[in-house]
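I've put the structures underneath this note.
The same chain A turns up in both complexes below, where it pairs with chain B and then with chain C.
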Partner chain A sequence: MINTGVNKELTMSAGIEKHSGKNRFNLSPYLYIGPHLILFAIFFLFPTLYGIYISFTNWDLIGDPEFVGFVNYKEILVNQDSTFYDQLRTGLGNTFKFVLFTVPACIIVPLLLAAGLNTKPKGMKFFQALFYMPTLFSVSAVMIIFSMLYSVSFGPFNHYLNVETNWIATQPYAWITLVTVTVWWTIGANMIIYQAALNGISKDLYEAAAMDGANSVQRFFRITLPSIRAQILYTVVITTIAQFNVYGQPLMLTKGGPTSSTTVLLMYIQENAFGSGISIAGIGAAMAVILGLCIMAVSAIQFFFLRQRD
Partner chain B sequence: MRKISVFMFSILFVVMMALSGCSSSSSGSGGSSSAKNEIVYWNPFTGPDGENMKQIVNEYNKTNPKFKIKNVSIEADDMYKKIPTVVNSGKGIPDLTIVHAERIKQFVENDLLTTYDDKLADHPEIKAENYVPAGWNIGDINGSRYSVPLDVHSFVMYYNKDLLEKYAPHALDDNVITFDEIKAAGELSKKDKITGIGITWTRPIFLSIYNQLGGDITSDGEAATLNTPEAKKALELLKGLVDGKIANKDGEDPGQLFKSGKAIFYPEGIWMQNSVNEAKNLKWGLTSFPQIAPDKIVNWTSSHQFVMFKDKNRTEEKTKGIMEFLDYVRENSLPWAKAGQNPAALATLDNPEYQELPQSFLIKNPEMQNTLKIFDYKYNGFVAEEVDKLVGDSIYGKLDIDKGLKAAQKAVDDKIGTNKK
Partner chain C sequence: MLSLTKKRISKIVALVFLLLMVFIWIVPVLYTMITSFKSEADIQTNAFTILPINWVIGNYQDVLFGNTSAPVAKWFMNSLIISVSQTILVLVIVSLAGYGYSRMKFKGRDAIFVFLMATMMFPAVVNLIPLYKIIDTLGWVNNYLAAIVPGAAGVFNIFLIRQFMQGIPKEFDESARVDGASDFQIFIKLILPLIRPVLTVVALFTFTASWNDFLWPSIVFNDVEKMPITPGLQLLQGMYALDVAHALTGALVAIVPTFILYLFTQKYFMESLSLSSGVKG
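Take a look at the complex of A and B:
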């Protein structure tokens, strides 16, 4: 018995060696991922690394970048007298506010709509198309439409509410406007994911729960939500990352105002690196790295809390 | 297995070819590698005025010059991002480029421009006497000529002729409208729900008033001067118009008000004429920007300028071709004037067709030409960014004027400081 065992092991390991030796030059796995790998390297990996490098330099985009070590980071993180310190604080603060205001709504509203559509009401296809449509519009088109809707003098909102509210240039209306616009614009993507997930839940579970006397609210929280937890985790993380990168909405609608209260960090990054003045690319890149680290940290925390229950 | 490998490999090959194909074709569309007898001409005229520029280029090409012009219009922001890249790489550098006047000092400082000094000898007509001074002077840096002006475009004021007749019939008798006259007219028109003046683009509005009061964005060409008593006075004057309900309310669209006949005065650029003409029943006139006192008139102005970015591969012959085109534009700027601009070359001045155009009043005599003020400063862009954030918020009462000015000055100083390191 013992001998056979050893023999088997021997033959197995020999087999492995033989096998791996034969496949050492097998390129096919790399060929499969090759096209994506090249695109990933050109459009993602290289720019990211280069951006990190620039954040350690003083560069106006014209001459050669001059390596300055952590000077840019000191300026934006520690030097309290600096305008850039204020910019990072204001910009990051406003970005976090935006994420905090929009993400819950961007999860709950599509989830409710998907749950509603999942009951297969009359005209379901029509409503599905209707809810999905805004996602297809470009950010500039959406913002132009909404700046007209919210216009002080001839906008329908003020006309029908019979008020003269300046929706885009006074607080708290500017935030309300930004959040509603963003939710309206992004309903579709998450809704489609939830719809697919809801379709995958077995009907047996609902029938069993109904027999045990569970009402519809209990069924939603005890069956529906746990069953689509993976999809919710995915959408929460993806939506958070997407909202951290907010730029078009405040740029076009509120122009960062009133008094920089809706100026998000990406607007400062753009202003410093590609503004109308001489480029301060180093500071812009350092701010971008900080933003990237924040996104990574927040995503990690979300993963931690939503995965733990498994 | 092998078949699949070969198949995948061929796909990879195609992708790589496609990628490399992209890069080579994009560099090929630019300057040096293109056809030899062609001058690649970049400009930021992507709006309706682009058609007028195309017309000039087409007519020039019809004269059968040795070097034909290839007109390439690129969105201004993209163009300014592209320029450092192509000039650094040395590939695809445009032969001739239009840039805004305020950018030129920056380019010279970074040693990106070729001078015109040795090229002007063959074209004696390209000289100061033949151009509007404000436009011509911009290109003279440290005794060298780096640019030739195409136009001078100013921020002036439109007025509704009927409403002016009704509320301020004598305001224009001296050809200048003062802020006092606007206030008086606004007080009268308020009762009929007519706005006195529209607050449009705050940057030139503020800068014009600031300059009338004796302020400027820099005192010595290096340091920025923004937090000054004159700036405070300028903002207070504008805030007074808002608080007195002479100006439009925050968020109201002044263009809409003016076009629908609900505003008397509408400060805007001369380039906005097409937009104002959309309102069919509106009878409008054009005059200088409103003034504090009639004896010192200031009209905010900018200018499009022809520059040549440094390029080792540009032949002397081609440069001669460029100069010929510039000389042609000097004498044939009328299509450009029809786009609403004022040509910088005085050769167009006597043309009766030009004299009919509303904006021609700005350069009809040397006195008016002297009212054109270009805010030429190395760090103009930094100032512009901060002024944009400051003016609207402070005149509509959302930002304390003193605090706002202090913050703006500090932001510009910090940006300059970081840039100089």
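Take a look at the complex of A and C:
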């Protein structure tokens, strides 16, 4: 369906090319970009548009979707008696909490690490490699490792701290656990980006500031931070988008608990569309659209806010 | 000039901080490695000895081949097939497209490219449910293709490769063309060898992303035999919930390929990040 659309466009542009009379229509560029455009249309563009459409249908993933207008949105946004209303509130609320807790940590911790590594200590290469490494592990492997580390009875964490905290099934520990795991797992990329940025700041700036009597804290806020603004903006936006899509950590570590206090929206979307019962893909799609809108709105605000201060 | 003693103090503070962090980052990895060589009996009786009393490799045999409801060796092979195939597919598709957008002149080229870039802002979560329907319609549920092909529709790698190609002087192409080379010959013989570094980066990132993908494969694979290892570990976790050594062995097996890849190609991972953030930032 989308394919023919693309082809039509191609023939149209071919026509224009002919009329301009410069040279004969050349098919060969489309042999290069065509394969990707076809895959892009089938597996990205079409499903994205279709995803918006089915949020207005009562689709069950099997039959033909039937258009129902704003029924799904009313159900999840307004109908307070509906379980889906509760799901959206809980899921979106927990997703926002997760973003709020993890994003600052995922900016500050790698920034500190990069600043530390920028003093070029012995063993720097090893430190850098180690901090980056977990980024290459899968979420499921990392969550198995940490569920064992944090385990109440046989986890070394409790043993060596000499406590009996139930890290995974009581609050606020469940949140603390999720945040620390996420920091451990994901800060590598941001750290490397900051390292490259810090490396690029001219030493003269610091020396001049030191001569003017600026202390190290002043130097950090007056020279270091402004110099790497672009990279901070980039990482804040990218990290926020990534954290909005949180799924694997609460699914495998806290199982969304205790009592759905860490169940994130993507877990409900997955459950409604692909879970064990009858699929309610229409509701799932409406939730996905809302999550998508939140992601776009928040990145737009961040972008605007952080760019503004130039 | 910063005074020498002040410099030395800040160096020491930094080092102490880094060593503390090193401890936090290394312990989970070492704990996993070491525990995978402990026997279950060892764990029951001497749970918290740092090193195993008897080093055993039985956990690996059990996890890899011993459990038909969590066939880790099979999952591992599935993942290998999927990740290698996707990497090859992405390299072909993306280098062709990058060449098209960077080197060829055609109507609407820049408009299409700008449109592709703009779609990167669309949140991927919206296409999750319809994508399943497409895969189902194609008959690809529980088929490797479901995990291989959709990933090649992405846009970011094209951006990266085009960016890199723009840095190659156009005079190279022109002189080759004067010598009678066709577009395709220029692409294969001239451009491809020159963009090897960025292709390596794309390959490494595609492979690791494919290997580590969790949500999507857990939706399109429900047949235990066909599953890749990353969603498979969720089943394994349920199975070995109270069996530390076996659960950790499974996790370790799953991270070995990307770990080894990283050991040999660290340089590329590091460079690529400054590459991709540098052009965006």
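For the reader, a short list of remarks on this structure follows.
Methods note: the second predicted complex is superposed on the first by the 267 of 310 C-alpha atoms of A that agree within 3 Å, B and C clash if a C-alpha of one lies under 4 Å from a C-alpha of the other, contacts with A are read in each partner's own complex, and residues count from 1 in each chain.
Here is the rule we go by: a residue touches a chain if its C-beta (ideal position, glycine included) is under 8 Å from a C-beta of that chain, and two chains touch if they have at least 3 such contacts.
None of these values were measured; they are calculated from a predicted model.
With chain A as the common reference, the superposed partners chain B and chain C clash.
In the superposition on chain A, A:Ile168 contacts chain B only, with no contact to chain C.
Of the two partner chains, chain B and chain C are each touched by A:Leu61. Once the two complexes are overlaid on the shared chain, A:Gly275 sits against chain B while remaining clear of chain C. In the superposed model, A:Ser28 makes contact with both chain B and chain C.
Measured by the number of chain A residues touched, the leading partner among chain B and chain C is C.
When the two structures are aligned on the shared chain, A:Ile42 is found in touch with chain B and with chain C. Of the two partner chains, chain B is the only one that A:Thr83 touches; chain C does not reach it.
In the superposition on chain A, A:Phe154 makes contact with both chain B and chain C. Listed for chain B are the stretches 77-85, 221-229, 329-337 or 365-373, of which 77-85 clashes with chain C, judged after superposition on chain A.
Where the contact sets of chain A with chain B and with chain C meet, they give residues 28, 31-32, 35, 42, 61, 151, 154, 274. On the side of chain B, the complex with chain A involves touching residues 1, 4-5, 8-9, 11-12, 15-16, 19, 77, 81, 84, 87-88, 106, 110, 112, 249-253, 256-257, 379-385, 389, 392-393, 396, 398-399, 410-411, 414-415, 418-419, 421. Across the complex, chain C is touched by residues 9, 13-14, 16-17, 26, 28-33, 35-37, 39-40, 42-48, 50-52, 54, 61, 112-113, 115-117, 119, 121, 127-134, 136-149, 151, 154, 156, 159-160, 184, 189, 192-193, 196-197, 206-207, 210-211, 216, 230-231, 233-235, 241, 244-245, 247-248, 251-252, 266, 269-270, 273-274, 281, 284-285, 288-289, 291-292, 295-296, 299 of chain A. Residue ranges of chain A in contact with chain B, taken from their complex: 27-28, 31-32, 34-35, 38, 42, 58, 60-63, 68, 71, 75, 82-84, 151-154, 164, 166-170, 256-260, 271-272, 274-278, 280, 282-283. The residues of chain C lying in touch with chain A in their complex are 1-2, 6, 10-11, 14-15, 17-18, 21-22, 24-26, 28-29, 31-32, 35, 43, 47-48, 92-94, 96-97, 99-101, 104-109, 112, 116, 119, 121-134, 149-150, 152-155, 158, 183-184, 187, 208, 211-212, 214-215, 219, 229-234, 236-237, 244, 247-248, 250-252, 254-255, 258-259, 261-262, 266, 269-270, 273-274, 277-278, 280-281.
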